[in-house]
Structure formats: structure tokens, C-alpha cells
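Following are the structures in question.
Each of the two complexes below includes subunit A, the first together with subunit B, the second together with subunit C.
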Partner chain A sequence: MLKILIPTIMLFFVSWLTPKKWLWTIITTHSLLIASLSLLWFKWNTDMGWDFLNQYLGIDPLSAPLLILTCWLLPLMILASQNHMYMEPIIRQRTYIMLLISLQTFLILAFSATEMIMFYVTFEATLIPTLIIITRWGNQTERLNAGTYFLFYTLMGSLPLLIALLIMQNNIGSLSMLIMQYSQLDLTTWADKFWWTACLTAFLVKMPLYGVHLWLPKAHVEAPIAGSMILAAILLKLGGYGMMRIIVMLNPLTKEMAYPFMILAIWGIIMTSSICLRQTDLKSMIAYSSVSHMGLVAGAILIQTPWSFAGAITLMIAHGLISSTLFCLANTNYERMHSRTLLLARGTQIILPLMATWWFLTNLANLALPPTINLMGELLIITSLFNWSNWTILLTGFGVLITASYSLYMFLMTQRGPTPQHLLSIYPTHTREHLLLNLHLIPTLLLILKPELIWGWTC
Partner chain B sequence: TIFISSLGLGTTLTFIGSHWLLVWMGLEINTLAIIPLMMYQHHPRAVEATTKYFLTQATASTLLLFASMTNAWTSGEWNLLEMSNPTSATLITIALALKIGLAPMHFWLPEVLQGLNLTTGLILTTWQKLAPFAILLQLYPLLNPNLLLFLGISSALIGGWGGLNQTQLRKILAYSSIAHLGWMITILHYSPNLTQLNLILYIIMTLTTFLLFKMFNSTKINSITISTIKSPLLTTITLMTLLSLGGLPPLTGFMPKWLILQELTKQNLAIPATIMALTTLLSLFFYLRLCYATTLTMSPNPIHSMSTWRTKSSQPNLTLLIASSISILL
Partner chain C sequence: MFRLSRCGAGAVSFLTSLHRCPCLRSRGLGRVAFSSSARARRRDDFVKDLENEFVKFRQKVKEVLPGSDWSPLYQTPGLPPERADIVIVGGGVMGWSTAYWLKKKEAIREGVRVVVIERDPTYSRASTVLSVGGIRQQFSLSENIHLSMQSAHFLRNIQEHLNVVNEDPVDIQFNPSGYLFLAGKEESGILEENYRIQRDEGAAVILLTPQQLQRKFPWINTDGVVVASYGLENEGWFDPWLLLNAFRRKAISMGVYQCHGEVVGFEHSTRDMETDDGRSISLKRIHRAIVRMPNSAECQPVECALLVNAAGAWSGKVADMIGIGNGPEGTLEGTKLPVEPRKRYAYVFHCPNGPGLECPLCIDHKRTYFRREGLGGNYLGGRSPTEEEEPEHSDLEVDYTYFQEAVWPNLAHRVPAFESLKLKNAWAGYYDYNTFDQNAIIGTHPLVSNMFFATGFSGHGLQQSPAVGRAVAELILDGKFKTLDLGAFDFIRFYKGTKVLENNIV
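After this line comes the complex of A and B, so read on.
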């Protein structure tokens, strides 16, 4: 555990001390090294599931895939940010890299925390670097509003969580995740219902659930590419991960209290997918598609069956990789035309054919084509939702249909069709961009071969 | 300098006093010593602020004296710790709340702070709070917890809401002071150690903020927006300090809030704890707006040259920065 954490913290100093000529190369190389070391976390040795354990940090099959995804994303973020940062003064570049590294450190601490308060503190701590990345390096004036929405939505959900955790600590005596599942809480009174809501609201806002999702399109659209990547891929999964950790404590109330949130989650799939079909802004489409996929995950976590948990983690990992890929693709368009409007970048298959392949693969994965892990996650979730209530298949099936249609719409709008006359001098795709997209897509394709790695502890 | 030493004398007298008259004398010496410091500039607004300050503090001290005399009349005890009359305990709480500027007795604080220059404002918000808190910390078992809770929650609410419409930095700091004092007073009855911790951390953070504003020589949001040009490093420090005042983890400002919430939930006061936690979101909003104005955006400004450094107050700032921003992760 420390093998990964200390090098990540040391990267802080690396980013301040390397000479200007080698800054990006060295940071990318080191973070790739750390990412490859982190693959060790896939091998878990113990019976109980908690491996690499020390007093404060530990990894179990739920957090291992998310941690590896986090470590994997850091070099990808740095690769992606190279273009829009190279014009800035060197101090600002170093500050930006330092923000990314600090975010990485907090995320590693959050996912490997064994005690809920530590998870809470690092969960909140990830907000500050993300806020700074969005509001300082975003590109439009709306980024201030986006940062405010982001911070306040998340905090309004998470302050009750803090109080709920403190109450839990008073009642049980410890908040360690290792033993939390064994505590028997008698949840019957009306105040306990408030406690139940307080526990889950923070994560539902973060996921986001359909009713409280307004921060997400704003934050994703206004953030620079690294911000969007880390937001879509990992920060949403913090919400899912937290929910999965804490929901083991919340039975038997969950059976009745989950209904409003289930309704919001499943209805949100259809609503946000439909909004996707009417978007003009490419990044906004990807943001709403994130809400839609996360709605499936939220619904799955709330019903708490083994298949649904496995499906939730699988979809989280798959969605993290694919969503990040989509944002990178949208960014390649943005860097050439400085506009996110969908209509301005039509028909680029003729000009950039290899990029069209990546667009194709990514959109196929987004619509959950077999045999991708996206499909595996969605199938597991839809089946377990069908088991919970037969009627959900109507809504989730319809949702899958609309997901397919907007993914195809995205592909056809950007790649096929008439090339506009104004795209006269866009430069060809850099090798760096190809590398970036491949590094996203190769894990996605490889994971199909051994999906047990991302199934978590239930299967 | 005689005034600064008198300030020190006054607070020290209040600290060491166990007879009510000595304590009252220390508070009066404090008030009288700061009056000429506030009047230093002979600006009409400074004069007005001084007058308001003198009137409120004199009222508070008189109320304190009256309460202690009532206690002495009914019980015959002038000792600070023997406060057996509940009426005088309540009166003392209200008097001290007026002295430090807790809601609903806070109305004097924004205007007074606005009339002062930054250094005197610094003394007002940090040093002047020490003496009344010394009394409160000694008296804590005898004070009415419901009253303290009411003062605390209303201060947090009013501190949050009042600061939302301000553009003058000193008024913003006044409302932030009200909100933080509200947090401190809430936990007084249950754990005075936490009140002390919160007070010390608040003093350090406010000291840093005032010194930063003094470095930038700015008193309005308009003038702090060009701070990135004057010194980018200090602007980043301003960002961290403001977020720390807002109580965001992992900065230091989160620690007192967390511990206070923990203590409140242990005492089965979860609902007031939730209310206080949510009201800090209000004050976080104006801290965040200040952050936007200073660090996170660059306002259109034709001055792009490096101006000369003023190293006047940089030394204490450095040590305080470290205390104010460095994260404490469990």
C-alpha cells in the first residue's frame, strides 16, 4: 500500500523540481510506473477479502478495481492535458500537475480507507483540488457557477453524512469497515429513518441520482479535460463505492426506504438518456450519459443482491473507462475547433479515419454491445432489477434502447455525414492522442477476458 | 505603545482575576486602551466606529458588573467561580455575548470593524475575544446550556446570512467572526477544551487573513481581485486560508468543526449539530466567492508589471500560514 502512496506523494516534489524540458515526460513516466505497480492489487490473497492491510488502509475486492482505475487514470490525465497546458507559464503547469497529483493521493486514501471517517475526510478532500481545477482552468465564464454547484450540492449531502457517522460511532463504538458489517443495528424509530437518509444522501448526490444531478452537467462541461476525466471516471464512483460500503449497515430499513430513490434512479435513466438525444453540446451529451449509467448503478446498489453488486462494480469500472475515453475524444475535437457544438465537427471520418475507429469502438462500448464489460454490468443489473420487480424491465429496457440510440447518434453525427466546409485546416491526430485513447480502450477490451477481477466480493 | 501594553495588562488582569471587580476592571482597561488605537486616524467613520464600540462595550461591562453585584448580594460571594444565582448567570452570558458580538447582540460588529483600519480590526477580532472567553471558560458549568445553544445557532445563521451581501472585506470578516464565535459558544457547556481549541485556531486563521489583506492593502473585493498580479504565491495562500475558514477538510479549519459535531452528537444533540453544519454552508458561499475573486479568476486589469515588494508584515504571516493551512488527516 505504501509502495504506491509514497511515490504518489513524492510526485509532488518531482513536479516542482524537474527542469522544464522534461516535466511532462517525467511525470507521465513516473505515473505510468506507479500505475503498473498498482496492478499488483488485483491479486488478493486472503480469505476475508481484506488484503494489503495496515492499521488505516486496506484493499478488498471492491476497492481494488477502483484503486487501479484511479492509478491508471493519472498518466492518462497528464497525457490529455499536455496540449492545452503547453502555452502556460511553467509555474502554472507545475501547479496544475500538483493539483492532479494531490487529487490522486486523496483518492487512493479514500478508496483504501478502512475507517469510515477517514473515507469521509478524504472524500471531502477530493473536492478542493477538483474545484480548483474546474474554476481556474475551465474555459467559459460558466465555470464559476459550475464550481459553486459542484461544491454546494456535494457538501449539502455530505454534512449530514458526517453527523450520521458520528452518531454511528457513538452507538457502535467503531467505524472500521472491517467489522461494520457484523454490527446489528436495530433500526425502527422515525429518527432512524432520518439517519438512514443522512447516510445515503451524500453518496446519492455524488453518484448522481436523477433528482440531484444538476451539478454534473455543469461541472463536466466546464472542466478542462483532466477535470472531466477524473470527475467522470472516479469521483462519481466514490459515491457508488461509499454507498456499497455503508448500505450493509442500513438493513432492514432499506427495504421500505429505498423506494423513492429507486424510482428516481430508474426513471432518471430514461429521462437523462432522452435529454441526451436533444443535446447540442458534445460534452453535455457525455455528461448526461454518465448520469444515466450511474442511475443504473444506484438502483443496483439499493437492491443489494449479489448479482446487482457485481453488476454495479463492473458497470462502474466499465463506465469509468469509457466515459473518460469519450471525454478524451470530445477534447480532440475541442482542441481543433475550440467549440463543443456537435454540428460543427461532423463527418470527420474522411479527415481522421483512425480516430473514427476509436469513436466507433467507444460508442459501441457505451451502448453496451456484447461482449464488452459494459454489457456485462448492465445485464447483471437489469437481471437483478427484474428479480426485484418485474416491471423494471420495461423501464431499463427502454433505457438501454435510448442509450443505444444516443450513442449511435453521437457516432453518426461526428463521423459520418457531410464534412463541413469550414474544417479546412485541422491538424492530424497526434500520436499522443492515439496513445491516450488506446490506453483507455485496451483495458476495456482486456477485462472481458478475465472479468472476475472486477466482480467484487460477491461472485 | 502604551496602549498596546495597556491592552496586554487588561487581558492579563481578566485572566488572573478571581474577584469580579478585578475581572471587570480588566475588561474596562481593555476597552479604554483600544479606544485611542481605533481613533488614530481621526477619520469620521473611525470616530463613529469608536463611539459605537465604546457604547456597546460599556453597556456590556455595566451589565456584567450588575450581574456580579446581584450575585454578591444574594450569595455574598465575589469569587468568580461561585455563581449561584441563575439570573445573574444568564445576565453574565448575555453581557459577554454582547462583548464578543454573538447574535442576537451582534449588530455593532460589522459597522465597527468597517470603520477601522486592518491592523486595529485584527486586534479587535482576535485579542479582544480572549478576555471574555477567559471568563466564559471558567464559568462554563454554571451557564444555561439552552441559552448557549440558542446563541450559537443564531450566530451561525446570522453570520452566514449577513455575510452574503457584503463587498467590503472587513464586514465579511465581521460576519465570519460572528459565525465562528457561534460555533465556539455552542460547545462551551459540554467541552470547554473544544471552545479553547476553536478559539485558538480561529485566532490563527483570522490573523492570517488580516495579514494577507494587509499585504495586499485591500479592503474591498474589487481591490483584492488584482492580488494575483501583486503576488501569486500569497494569492494561493489566501485561497487556502479562506477555504480553511470555511471549514473544508483536509484543512485545519475542519478540525474544530468536526470535533464540535462529534461532541454534540455524543450529547444527543444531533439536530442542532445538523443545523449548525448546514449553516456553515452559507458562510462557505461567501468565502468561496472571495476565492473566486482572488485566486480562481483573473479580472481585466491593465497593470501587468511586478510591483515592488513590501516585506513589512511577511514574517508572522509565514508561520501562521503553516498553522492555518496544513492538513490534518486523522
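After this line comes the complex of A and C, so read on.
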């Protein structure tokens, strides 16, 4: 654990002390080294329990894939930000990198925390660098609005969680995740229902659940590319991870109390996918697609069956990789044309054919084409939802259909069609951009060969 | 005058007014006239001042509370948005027509963000509103004929195009009185040739012999006229200000942003490429348009994906800002945008015995024209000057001697009733004159990837504006011209030297 954490913290000093000429190269190389070291976390010595354990931090099959994804994403974020940070003064570049590294540290601590309060503190701490990245380096004036929405939605959700955790500490005496599931909490009273809601609200807002999802399109669209990547890939999964940790405590109330949230989650799949079809802004479309996929994950976690948990973790990893890829693709368009409007960025297959291949693969993965891990996750979730209630198949099936239609719509609008004249002289794709996209796509395609790595502890 | 914070100023001014309070002042000066009524009066003044200060303080606090738009971070009102998809430089009829058609053609609401940047909201020097406002199909180029014909169809159905719900209906006061071109012996061949072209393209034009002309328009003097062509349909004049406002109102209702400011420069990036024969050439791409606020030195860069140059008579200046024309003569880099302002006069005169209601826009072969203005016996007339008579265009002052010497004699010769007329009014306006071939410039520039032109109309822009706006919108959103192929008006003809000339120019 420390072999990853200490180098990440050391990256702080690297970012401030490296000479300007080598800054981005060194940061990328070091974070790639840390990412490759983090692959050691896949080697589980114990079958279902905690590994790499010490007093405060530990890894279990749920947090391992998420942690490795976090470590993997840092070099990718640095690669993606290189172009638009090129023109800024060196101090701002260093600040930006420092913010990304601090975000990374907090995320590693959050996912590997074994105690709920530590998880909570680092969960809240991730808000600060993200807020600074969105409001300072975002592109439009709306970014102030986006930052406010992001901050206050999450804070409003997580304040009840703090109180719930403190009550739990008072009653049980310990909040360690290793022994949380063994405490027999008898939840029957009216106040227990509030406690149940307080535990879950923060994570549902973070996921986001359909009714409280308004912050997500704003934050994703206004953030710079690294902000969008980390938001879509990891920060949403913080919500899912937290839910999966705490929901083991919340029996037997979950059987009845989950219903309203299940309805919101599954209905949200259809609603947000439909909104995707009417979006004019490419990043907005990808943001709403994130909400749609996370609705499936939220629904799966709430029904707490082994397959649904496996499906939730799988879909979280798959969606993290693919959503980040989509944002990188949208960014390549934006950097050339300075416009995210779908109507103006059409027909680029003729001028950038290899990029069209990556668009194609990413959109196919987004619509959960076999044999990607996206399909594995969605299939596990949809089957377990069907088991829970036969009627959900109508809604989830319809949702899959609309997902397919907007993914294909995205592909056809950006790649096929008449190429406008003003696109004929854009820069061809940089090697850096090809590298970035491949570093996203190769893990996605390789993971199907050993999906046990991302199934978690239930399967 | 230094600015305190609003809350603090209330308190401070309250304190300073205490010093101004009469009772304190009189005490300081030593003048003491104590009578109980005077003291009571002074106390009343004191109370009244106190109340006034409280009222002011309450007002200032109300301004600060949420619901008012006061903010500690002062933001200049009227700034353009920091980014837009398409920036249209110039808010004349071309700019607003393009904005309207862009919004009409987007398949989905808010599909493109369009910003129109106009530096003069009063339009005091814009060509659009100072135009005579005529529309005709009598051109010799088929593209021009079709542009005007389709614009005329648009204007006839303007209600269904530009009507905004719950607002007054659109009325551009179209007078379909037609154009009458008179030709002498030298020009009759050209006129008949043009007539044939116009008939082939479907314009409703007829040729008239002098006898037919005399019968149809008894007030005309057919001396020197060999043949005349008269437009029967879709020709006439309208009010350009009403059309501009109709386009503007509709475009704004569809979501086009309007900004009052002046484009003073561009941020662009250059990319060096090599042509097939090994010559190196540099392509520019505009990233931001820098807009200066009116009466201010404050500039706001507007990030844009595309730019439409519809700046009319000043399009040449806007093109210079991006460096079109900076290069050795004879090369593509050195080809300037040949648009410059040319001043033209319009004179309004009153003649009680004039042609009356049955008066088309009559254009003499000596390039003198007149038309009816309103129903009270007023007429609008003018003359296209020759190259030697070209007035200098630094301001819009009217030259009345030109009327006396050049316009009136021709008018009087053509219409004997105009021998006794009274000049009422006159104004001058600019043509966005294309010095190369006096025809439109529509399309992209080969070296600046994302600049579109819609300029250079040299006097017949207003009448073609609906169709040109649609053509530019098609070029932007569909990638090519769909309804009308206006490839002949491309910028590249200036480099190649192929002129697209009209055979009769007014």
C-alpha cells in the first residue's frame, strides 16, 4: 500500500521542483510507473477478504479494481491536459498538476480506507481539488454555476451521512469495514428509517440518482478534460463504492425502503437516455449517458444480490474506462474546432480515419456490444433485476435500446455525413492522442479475457 | 469621487450629514439665537435629516439583498458571451438574415450558438437602412436573377417566415411596382440580351417599344429610348429598416445573441503546409474574435468555431485584421478582399404633377433613376456616378450640387413634369462596393479556414439578403450549397482573375 501512496505523495514535490522543460514528461512517466506498480493489487492472496492490510488501509476485491483504475487514470489525465495547458504560465501548470495529484492521493486513501470516517473525510476532501479544477480551468462563464451545483449537491447529501456515521460509531463502537457486517443492527423504528436514508443519500447524489442528477451535466460539460475524465471515471464510482460498503449494514429496512430509489434509478435510465437523443452539445450527451449507466448501477446495488453486486462493479469499471475515452474523443474535437456543438463537427471519418476507428470502438462499447465488459456488467445487472421483479425487464430493455440508438447517433453525427469545409484543414491526430485513447481502450478490451478481476467478492 | 461599499456609504454619509446639520454648524460658528421656536425648528430639521438618511440606508440595503442585480464583482453590461459557435461580424440585413437561417436550419433547438456583433445600434452609417430598397430580377447573371427571385418569394410570404408569436405582424411595405429599364441605341443590344436571359430563368419581364412605353406611362418622354424592359412580377421596393427589424426580431426570438461592440482583431493560429508543387503556404484558423465595447477600451475575446464576415462596406477592414492580402502581389496570400465603401446619394423631391401612382423604379440609360415614395407626390431619385465623378467616402455629407448639375437635368429630360420639382431631403449611404466585378462574395477563403464571406454586393445586397442568408447557412451547416449554386461568387476568382460581371450596373 505504501509503495503506491508514498510515490504519489512524492509526486507533489516532483511537480514543484522539476524544471519546466521536463515537467510533463517526468510527471507522466512517474505516474505510469505508479500505475504499473498498482497492478500488483490484482494479486489477491486471500480469496474474499482483505489484503495488503494495515491498521488504516486495506484492499478487498471491491476496491482493488477501482484503485487500479484510479492509478491508471492519472497518467492519462496528464496526457490529455498537456495540450490545453501548454500556453499557461508555468506556475499555473504546476498548480494544475498538483491539484490532480492531490485528487489522486485522496482517492487512493478513500478507496483503501478501512474505516468509514476516514472514507468520509477523504470522500469530502476530493471535492476541493475538483471544484478548483472546474471553476478555474473550465471554459465558459457557466463554470461558476456548475461548481456551485457540484459543491452544494454533494455537501447537502453528505452532511446527513456524517451524522449517521457518528450515530453508528456511538451505537456499535467501531466503524471498521472489516467488522461492520458482523454487527447485528436491528433497524425497526421510524428514526432508523431516517438513519437509513441519511446513510445512502450522499452516495445516491454522487452516483447520481436520477432525481438529484442535475449537478452532473453541468460539472462534466464545464470542466476541462482532466476534470471530466476524473469526474466520469472515478468520482461517480466513489458513490457506488460507498453504497456497496454501507448497504451491508442497512438490513432489513432495505427491502421496503429501497423501492422509491429503485424506481428513480430505473426510470432515470430511460429518461436520461432519451435526453441524450436531443442534446446538441457533445459533452452534454456523454454526461447524460453517464447518468443513465449509473442508474443501472444504483438499481443493482440496492437489490443486493451476488450477481447484481458483480454486475455493479463490472459496469463501474467498464463505464469508467469508456466514459473517460468518450470525453477524450470529444476533447480532440474541441481542441481543433473550439466548439462542442454536434452540428459543426460532422463527417470527420474522411479526414481522420484512424480516429474514426477509436470513435467506433468506443461507441460500440458504450452501447454494450458483446463481448465487452460493458455488456457483461449490464447483463448481470439486468438479469438480477429481472429476478428481483419481472417487470423491470421492460424498462431496462427499453433503456438498452435507447442507449444503442444514442450511441449510434453520436457516432453517425460525428463521423459520417458531409464534411464541412472549415474542417478540411484541421490538424491531424497527434500521436499523444492516439496513445491516450489506446491506453483507455486496451484495458477495456483485455479485461474480457479475465473478468474475474473485476467481479468483486461475490462471484 | 471615490466609491465606498454601498452599505458603508450610507452610514458615512449619514455621519457627514450630521456635520452639515444646521444646529451643529451654528453652534460651531458661535451664532447663537436662542428662541424656543427656532430651536424646535432646528430639531425638526435634524429629525428630518435623520429620517432621510434612514431612507437612503434602507434603499442601499435593499439593493444589496438577493433579488437585485448588484454584485461586488462589477461586470460590464452588454459583454458578448465568452464563447459562441458562429460569430457574425456585422448586424446589417446580411448578418441578421444569416443568423435567422442558421437558427432555422438547425434541426434541434440551440443546436448552434450564434452571436451577431454590431458596432452601431443606431445603424447611422449602415448600408441597409440607407438603401433605396428596390428589388428586381433584371440582372444578366443567372445567379443574381435567381437570388432576387427567391428573395422576392421569401418577402411575399414574409408573414409565415418571420412572424413572431404575440408580436405585431411583419409588414415591409412592399410596393410591387416593378423596374423599368430604358435603353438608348448603344445599350439596346445588351438590354435585349439580358431580357432573353431573364426570360430563360423564369423572370416575368417584358420588352416595350417606345410607343407601348408612351401608352403605358403617358408621363414619360421617350426621346432617345429605343427599347425598354419592364418587370411585371416580384419587382418593386420595400422598407429596408422594417425588413432588418423583422429579421432581427425573429432571429432573437430563435435564440441568437446580439452584442453591441466592434470587432478589432482576431486571435488565430497559423499552420504551415505544402502545396503539390512544393510551395509552402500557411493556413490560418481564427480562434477568437476580439470585440471592443462601445465607448470603452475594454475588449472581450469571443471564442468561435466559425466567423461570418457580413460587415458590409467595412468588410475589407475586417479581412485586413486577419491578414487577408498581406503578401506579395499576385499570390494567393496577397489577394485582398476588394470591398470598399463607395458613397451614393439619394434625393427626395416633391412634384405635384409627377407620374403619380403608376410609377415603377425607372432607370434611364444615363444611369439616373427615380421612384415613387409614398402616396403624397414625393419621389426618390439619384444617379450612379461615373468613375470620375466618384465622391470621396470619408463621411456621409450630401452633395446638393450633384443633384443640380447631374441628376435634375436628366430627370427633367425623361419626365417633363420633373422640370418643376422641389428638393425636400437627401441622404447618402455606402455601397459595399466590390472593386473587382461589383458582384457578391460568398463562401470561404482558401487560406483562412473558418471565415465565411457574405459581402461585396455593390448596391444589390438588400434585395438578395434572404436568399444569400440561406445560402451561407447551407454552406455552414450542410457543407455545400443546396438550393442555389453560388460557386461563381467564390473568393478564389480574385486570385484567378475571372470576373463575374453584370452587363448593366446601377
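Keep this in mind: the second predicted complex is superposed on the first by the 456 of 459 C-alpha atoms of A that agree within 3 Å, B and C clash if a C-alpha of one lies under 4 Å from a C-alpha of the other, contacts with A are read in each partner's own complex, and residues count from 1 in each chain.
Definition applied: a residue touches a chain if its C-beta (ideal position, glycine included) is under 8 Å from a C-beta of that chain, and two chains touch if they have at least 3 such contacts.
Worth saying up front: this structure is predicted, and the values here are computed from it rather than measured.
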{"item": "Dominant toucher of subunit A (residue count), subunit B or subunit C", "value": "B"}
{"item": "Partner chain in contact with A:25 - subunit B first, subunit C second, else both or neither", "value": "neither"}
{"item": "Which of subunit B and subunit C A:438 touches, first, second, both or neither", "value": "neither"}
{"item": "Partner chain(s) touched by A:174 [first = subunit B, second = subunit C, both, neither]", "value": "neither"}
{"item": "Which of subunit B and subunit C A:421 touches, first, second, both or neither", "value": "second"}
{"item": "Which of subunit B and subunit C A:162 touches, first, second, both or neither", "value": "first"}
{"item": "Subunit B versus subunit C as contact partner of A:387, first or second or both or neither", "value": "neither"}
{"item": "First, second, both or neither for A:338, with subunit B first and subunit C second", "value": "second"}
{"item": "Residue ranges of subunit A touching subunit C (in the complex, touch as defined)", "value": "139-141, 278, 280, 337-339, 341-344, 346-347, 418-422, 424-427"}
{"item": "Complex interface listing, subunit A residues touching subunit B", "value": "56, 91, 95, 106, 109, 115, 117-118, 120-122, 124-125, 127-128, 132, 135-136, 144, 147-148, 151-152, 155-156, 159-160, 162-163, 166-167, 169-170, 198"}
{"item": "Residues of subunit B defined as touching subunit A within the complex", "value": "232, 236, 239, 243, 248-251, 254, 258, 261-262, 265-266, 270, 273-274, 277-278, 280-281, 284-285, 288, 292, 295-297, 327, 329-330"}
{"item": "Sites on subunit C touched by subunit A in the complex", "value": "81-83, 85, 106-113, 271, 273, 283, 285, 287, 303-306, 444, 449-450, 475-480"}
